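The structure's right below; bear with me while I get my questions together.
So that you can tell them apart, the chains are marked A, B, C and D in the order they are listed, and the count of residues begins at 1 in each.
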Amino acid sequence: MAARVQEAPFDFSAEVVAFQADVQNAGAVVTFTGVVRDDSGCLDHMFIEHYPAMTEAALQKFALQAMEKFGLEDALVIHRYGVLTPGEAIMMVATAARHRKDAFAGADYLMDYLKSRAPFWKKEVSKDHTEWVASKVQDEDALAAWSDAPKS
Amino acid sequence: MAARVQEAPFDFSAEVVAFQADVQNAGAVVTFTGVVRDDSGCLDHMFIEHYPAMTEAALQKFALQAMEKFGLEDALVIHRYGVLTPGEAIMMVATAARHRKDAFAGADYLMDYLKSRAPFWKKEVSKDHTEWVASKVQDEDALAAWSDAPKS
Amino acid sequence: MKLDILYFAWVRERVGKSQEAVDTNAKTAGDLVDELILRDAGYAAAFSDLSAICVAIDQELGDFTTLLKDCREVAFFPPMTGG
Amino acid sequence: MKLDILYFAWVRERVGKSQEAVDTNAKTAGDLVDELILRDAGYAAAFSDLSAICVAIDQELGDFTTLLKDCREVAFFPPMTGG
């Protein structure tokens, strides 16, 4: 299991190849990549702030939770902070399991925790407008749907 | 959208990089890779047979279904046949969507169709034993859980 | 009516061939199976449990009641195990 | 009791600083907020709607009723938007 917080870009291909090479007997590997989207067509960049003393521990905790809950063979989380431009990868998750459904559920679960419980905040910076991204009710609902989820 | 059937290995990294480069405004990319697993510890290889006249059309149909059902920006399916050894990738799926839940659901849906409705048959060949892999009740149940699934 | 029959996986192994051309008056895939079973023990073994066998007619999934009218190719195989 | 307070995202922007050391008798995170609000309008603006603010005590998520006993670091921030 590995959880990393970093400002620099990560090499998705290299990360997945290394992740798969380490796993001994997984029949299923799922990855998720989150990318900066420019819906308005005028986003200059996204700024991601985080809570350094807390972040990596939180990511590790969620990855371990996912591994235990779904019997994963392995899990990987990488999350960036700082300035990111449209099209850049913000973060990635990879899960390996003997069976497909566990790999999918583990990645989905991990993402629900990262969305609402990992100490990151996103700010969208356009030429004439700056706005902190608001959390979504759906994200809390998705988290609450897992039986082990804490109440918000 | 692309759906390919091939005997040769595929380069997962190169495929995902090309897939992501082609997508314009997807905030979420999910991939699934199916790998030959050796549970008994004595599997020599897996042999995958398919129905050439039917296979690629079936994969394309399922990929288009997934794109429409979940509003995906793009979808990719690659499935191999022939002789594969433990640790080798059998197939991969990639989905791109504006939002995370659609990318996950699209990949999961596509996998459920590939498992039970794409004309592939797997045979496990060990030193002293050869056996066609049986379909699983859970796979039919997973497929039936999608509202548009045909009855088996 | 002339058509090609294809067999896959253990159905192919039991029948002993992957493909054959037949001239038949069968109205449905089920009728066609009834004809085949009369031929020899390999077919009888392959088709002993129809609940374990799937049918495709002209590369589209069907079942044993599907009409063969104007079809060119019928395939019999066990439940698929892709992915 | 001496402790560090950290602010993130728009809470940080409204308060006007990312971190400060305080000496307080507050029993809970809520008490601490009550003290801060009395200081100036920036704090009052930052904490005007507590339902929009999360609390971490020594890097663990808590809430405004969590006791501060023996804690070293309290952080206030909007709901997290990772992923």
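Heads up, the rule we're going with is that a contact is a pair of C-beta atoms (placed from the backbone, for glycine too) under 8 Å apart; a residue touches a chain by one contact, two chains touch by 3 or more.
Computed from a predicted model, the values in this text were never measured in an experiment.
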Inset, instruction - Identify the chains adjacent to both chain B and chain D in the sense defined at the top. - result: A
Legend entry - Distance from the mean Cα position of chain C to that of chain B, given in whole angstrom: 26
Inset, instruction - For chain A and chain C, let me know how many angstrom lie between their CA-based centres, rounded off. - result: 48
Legend entry - Residues of chain B whose C-beta touches two or more other chains: 34, 100, 111, 115
Legend entry - Residues of chain D whose C-beta touches two or more other chains: 83
Legend entry - Chains that touch, pairwise: A-B, A-D, B-C
Legend entry - Complex interface listing, chain B residues touching chain C: 34, 49, 51, 53-54, 57, 79, 90-91, 111, 114-123, 132-135, 150
Legend entry - Contact footprint of chain A on chain B as seen in their complex: 12-14, 16-17, 20, 25-39, 98, 100-101, 103-104, 107-108, 111, 115, 138, 142
Legend entry - chain C residues within the chain B interface of the complex: 6, 8-10, 12, 56, 59, 61, 73, 75, 77-83
